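Letters A, B, C, D and E mark the chains as written, and numbering starts fresh at 1 in each.
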Amino acid sequence: ACGDDAPGTSAGGSIKIGLLASLSGTYQAVGTEIRDGFQLYLETHDGKLGGRQVDLVVADEGNGAQTAVPAATKLLKQDRVSVLTGIVGGGSVAGVVPLLEETKVPLVGSNGRPELKDVSRVWHTSYLSDEPGAAIAQHVRDNVKGSVYAIGPDYQGGWDELRGFTDAFGKIGGKLANADGKTTFTPFPATTNFTPYFARIKASGAAAVFTFYAGSAAVDFVKQYAQSEIKDIPLYAAGFLTEGGVLNAQGDAARGIYSVLNYSPDLDNAENRAFVAAWKAKHDGSPTTYALASYDAAAVLDRAIGAAGNDPTPEAINTAIGQLGQIASPRGTWQFSTSTHSPVQKWYLRQVRQDGRALSNTVVGDLATVGR
Amino acid sequence: MRHEVIRRARGAIAALVLAGLVVAPWVVDDYTTAILARTLALALVGVSVALLTGVAGLPTLGQTAPYAAGAYACAVVGSRVSDVGIVQLAVAAGAGAVLAALTVPLVVHARGVVVLMITLAIGELAVVVLGRWRSVTGGTDGLAGIAAVRPFWGLPTLANDQSRYLYALVVTATLVGAVLLLLRTRAGLLLRAGRDDEARLRASGHRVPLYLSGAHIAAGAIAGAAGSLLVVAQQYISPADFGFDTSALLLLGVVIGGTASVGGALVGAALVIAARDWLFGLLPGHAPLVLGLLFVATVYLLPTGVNRARSRLRPPEAPSHQPAAPEQAAVAESHR
Amino acid sequence: MAVAAGTNRIDPYLIPALDGVAYGLLVFVAASGLVFCFGVANILNLAHGMLYAIGGYTAAALLDGGWASLALALGVGVLTAAAAGVLLAGLLAPVAAGNHLGQALLTFGVALAGGSLLVAGFGPDDPQVKVPAALEGSVVVAGHRYAAYRLVFIVVAAVIAAALYLVVRRTRAGMLVRAAVDDAEMVACLGVSPARIRAGVLAAAGALAGAAGVLGAPIIGPGTDTADTVLLLSLVVVVLGGLGSMGGTLLAALAIGEIQTLGVALLPSAAPFLLFAAMAAVLAVRARGLASRWRTT
Amino acid sequence: MLSVDRLCAGYAGGTVLHEVSLRVRPGSIQAVVGRNGAGKSTLVHTIAGLVRAPSGRIEIGGVHLAGRQPHRIAQSGVGLVPQGRRVFSRLTVAEHLHLAAAPWRAPTSGGEGWTVARTLDLLPRLAARLRHRGCELSGGEQQMLAIARALLGQPRVLLLDEPCEGLSPDLAARVRELVNGLAADGLTVLLVEQQLQHAIEIADRVAVLEYGRVVYDRPTAEARVDPAPLAAMLSVAAAPMPPPPNRSAPRLWADTPTSPDPSER
Amino acid sequence: MTGLLEAQGVTVRYGSLAALDSVDLCVHDGQRHALIGPNGAGKTTLLNVIGGSTRPQRGTVSFDGRNVGQLGPAARARRGINRIHQRPAVFPTLTATENIVVAALPRVIPRRRWWPGGRRRIAHHRAGTLLDQMGLADVAAVPAGHLAHGQRRQLEIAMALAGRPRLLLLDEPAAGLSAIEVGRLSEVLRTLPRAVAVLLVEHRLDLVYALSDTVTVLRDGRTLAAGTPDEIRTSPLVRQAYADGVA
């Protein structure tokens, strides 16, 4: 009902950008990475995107939609930002989308990406949940002699991640070891004790395991796996199983795990060297894919706002994003898919190995380039 | 007479608040209006929680179940059958009532903290079902793109925050008024009596389980109606809206409002929920800390509301010759 | 292997069954603080999970894989958590004894605030917990490899259960605590300060939770939502166990352990429902039983 | 010994006691009678510290007690037998006794201290119920337990709020003898009693409380000589009063055949 | 003729202890039946069995010719068995008036069923008269939890009367009442309609002898004697029972 000035852009050629991420609760680790990634880009580009001073408004996504929606409402309806970015949970994104429709503001998400009917205003610099699995399927097929056991957490993310693998794996003639040929899903986040599942895996006689977990569940899974009777069965995972802080908590238990991801700190290209250097200058430890995605979101906005002309309205920015084409990034160049508005990018096979004192995810090979 | 004064003051405050709520959408910005609308829905659930916890003496963490039932029923009806608010409201209330009726056998015989745990289980199970019944609920990512409602046949749809808020306000006010009237009748008296001393109520010939079942179903209906308000206010619902933390916050809000008073519960629940939503936007990363400190503070600021020993989940053991209430008997068991 | 599994149906369920026992006992240990605080002394302490987390983070900070560090962590964890308990008792002073909802409000607030302070202090990532190497490995049970550390809890739980039972039933202190539940004023008229009793109770409960936190860290490790997980499990155990009966509580804990492991192994499709469905059913049936004993109309 | 001076007390609802003053000499029994709701229990509770006293003094052996915590007051030697028993429902009789027993507290009254054994052979019925929990006792048994609990605390001042309620006549008589004997041992007793006869039977002074005010406070000797005013005040038939108590030799264990017929007393 | 209430061979055991050992009791219409005995004799337990809150291991209870053994307290109350408890049981947060209204409601038949609040008005009227009778008029608006011990007992008696009982179970109604209130109580009991039968448990024997027409003496869960007040008063057996009750 109040001030109808053009949202976001204000006199001093500055632009208002809203960042929504879990800064408290279960996903705090990821949320902070996402915030830091975006801020790192701003700091390394003297606070400007597309030549405009950025006024970054941060809000807390909390544990999911029930807190994300009101926070997003504040960003969109009170602060009237002209772009929204961040958002950890797919559910949160789903909850925010109606608001985007209502306020006609684009979202450049840097993590969660649910199934969406209409993506006209939704862009993601991360990936579609089913892509990691699809990317690693061929490699597993080639290198595993025997059937593979698929297990994952029982929520949308888990379903998608594992569907990605099982579909692709099945297409190329791979066989699942699961009793009924269907993926085993464990209650999430309730499951803290995985040993009963390990017993089933043992019984199934699988030659390898493919899984996806993140956060505490990932720690529990890996530590218990290493102590269980199937500790010698090779473990393949969507990268998040050993990504970021969890790797430290897992310690030696994680040694040797294979994971597929769109990024690894030891990638050898100019952007990445710059990015990692800048990151290490500010934070201890290496950057994660979460931070990278957010960093790229900033990069995307940098170019889009620049291209949107001297009145970068939300609409203008949205159209500009659609015309960016190739984007150079620490993960290697990628571009937005025209159908899904998420990256068409290359995926890497990584293994947890000793690197100096610490363990780290070392790239051991390139996998397919995925994206529709 | 002191009580008289207090009652008058309460009445005046209530009137002021109501007036404030009516004019709110024209003085505050869209964000606040939207938040208020959403808060009204949750406050209405708070009322149903108070009805059970404070009046009937069945402390509950499970009102999110009928709340969810109402919300999803409303969403389904809204997208497949009718966009008329009254219809959706009726369906939602019905769904809530049915769910409550189904869970009656679980709760009527239990008391105190046992009810708390049973209802908690019911709530959690509801969330699990919502997450997995994807064909209807859209799974853990929830249902989006629900069509805007029109309050009544022939009226325009509620397109903006103001109208949605006013709709929520009218519905809430009506239902709360109905509850207040209900409590003035014999029903309210008997419920309070049952909470005081159930065995005595039986000894004078009352069918206590019957009353409790009635209260439980009524509360379910209210929660269901609140569910449809949430759909209107938020145009998106997901299992996360009905999780444990929601029911916990509602219960605490009701406690702050003074369990036995419906008005208090309304305000308490509204304050707690609003505080949470507001803090997550305002103090990214520190919301839980501040919220926690606020809770601690209220205990000291509202001694009358909170510190009444009445709201105990485990009443002192009855004297030898009154039959012990189930839970006390449970204690007795454990002490054999 | 598939054949082997085929020939022997029980075999794949052996480890889950054993693990159910170990896990159940771990849950009992984690809950013991609340068993005493709520079950026996009737003080509803929703900050129990936070007290446990204090222990957990202490372990993460101090453990370096040596036995000495384990002892040190245990000492520090117990003391800190006990101190936190006393602090809680101080905060609880204005809340009437037996006013559970008031207690819930305050302790939940403390839990929220304390929890986020812990995370702020130790960072959002789950820290690493290094137990002594001897416990790190795994032992072979009936031809299956099994995490050694989990077996430790069979001992710990037995000790705690016995100690609790003796203290509550046999000692004057235990009697005072129980008496204060019935009628705090009359306890005061016997010359004992109810406030003191309350402080003592919460200190003890804190100590138990702290110890559990340190010992449980390698399995239910410290993290952003450890507190909630532990609190929920503990509440379930305490209430299911019949509020304060040590035997009942142990049984409840074991039942939960088996449900979470053997139950999951037997019917995985029902896994997400098992725990709460079972709890609701048991509680409701028991309530109905008691109700019919004193005969509702 | 126990002196209450211009004591006012009450509840949120309003003041109940208005400037109540009493003075109880060591080794004497002060009876307090009055209609239901007159404020007798409130007086007892205020002395015990369970009800706050906004104004007035409460002294025991010259020590000012008003405003102290109940447990402090108890520690300074005040024992309470509350109205309505208030035994601990979850504790067994044995546990009650174990809890109440304070052997370390020197027997402050002249006689030997109270031990569990001594209380049990005073109230033999309890001995047969040691394993029962408080909530499993009959009304009278609970009353006995409440008395035993108070005695075991080795009190110097004993507050009895209708200690004979629910006791069979003979047992009631025995309890009165007991109280009489305790006074002989030097204990200071404040006895709230409904039946005037019984009060007079053992008390040295009797006070009448009416709407929270002391309207009568005289030695029982006077009442025996001329019961009329007292009887009128309580609107009971002025029955012949019992003889003065014989304090010299407490007849605690002398078995007195008493009959269930009061008209024979 | 058969009695209004017939209890036969009622046995209640708590572990080894027999609180009641095959006790028979018969109360006729309009009878004033007293139940006395030393402490722990089983009086209250017997009332509990009749009232339905304790289920006997053996024995039958029939009321008005029908076996009520399977019914709970509420059902029996609706059939006309009302009681007061040895320890006054009232609704602490309800005012004295409301307490009586609640107790009266189950047996109120409104003249015009469809009239809203009809029952309530009748019950209120009944409450007013009862409060006057029991001399509680000036605390009518006080929450029962704020009443003095004796006042609560009076209130519960009023509640029991409000339920229009056909059999009134009184567990030590005079305990803790001051002389005046005892007088008032006996007046109320004396003026009860003859249709109402009373089963009175009391230690104030003067009252028992004054009010009852039949007396049953219990001891250690057994019926020791039964008869008219005069027989009991002079029976040495009873005397002995009480004396032993002490030792």
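Going forward, a residue touches a chain if its C-beta (ideal position, glycine included) is under 8 Å from a C-beta of that chain, and two chains touch if they have at least 3 such contacts.
All values derive from a computational prediction rather than experimental measurement.
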item: Maximum centroid distance from subunit E, chain identifier (CA atoms); value: A
item: Higher-contact pair (C-beta pairs counted), C-D versus A-C; value: A-C
item: For subunit C paired with subunit E, centre-to-centre distance based on mean C-alpha positions, whole Å; value: 48
item: Chain centre separation (subunit A, subunit B; CA means) in Å; value: 37
item: CA centroid of subunit D to CA centroid of subunit E, Å; value: 28
item: Multi-chain contact sites of subunit A, meaning residues that touch two or more partners; value: 24-25, 28, 154, 187
item: Residues within subunit C bordering two or more other chains; value: 116, 182-183, 272, 294-297
item: Of all residues in subunit D, the ones touching two or more other chains; value: 89-90, 134, 136, 138-139
item: Residue ranges of subunit E touching subunit B (in the complex, touch as defined); value: 44-45, 47-48, 51, 53-54, 72-75, 77-78, 82-83, 85-87, 89-94, 98-99, 101-103, 105-107, 116-117, 119-120, 159-160, 163, 171
item: Touch list for subunit B against partner subunit A, complex; value: 25-26, 28-35, 38, 128, 131-132, 139-142, 144-145, 161-162, 234-236, 238, 240-241, 243, 245-246, 276-278, 280-288
item: Contact set on subunit D toward subunit E in their complex; value: 11, 13, 33-38, 41, 83-85, 124-125, 129, 136, 138-141, 144, 162, 165-172, 174, 194-196, 234-236, 255, 257-263
item: Subunit C residues touching subunit A - in the complex, by the definition given at the top; value: 1-2, 5, 11-16, 19, 23, 116, 119, 123-130, 137-138, 144-147, 149, 218-221, 223-226, 229, 260-262, 264-265, 268, 271-272, 275
item: Complex interface listing, subunit E residues touching subunit D; value: 14, 36-40, 44, 86-87, 139, 142, 146-151, 154, 172, 175-181, 183, 203, 205-206, 233, 238-239, 242-243, 245-247
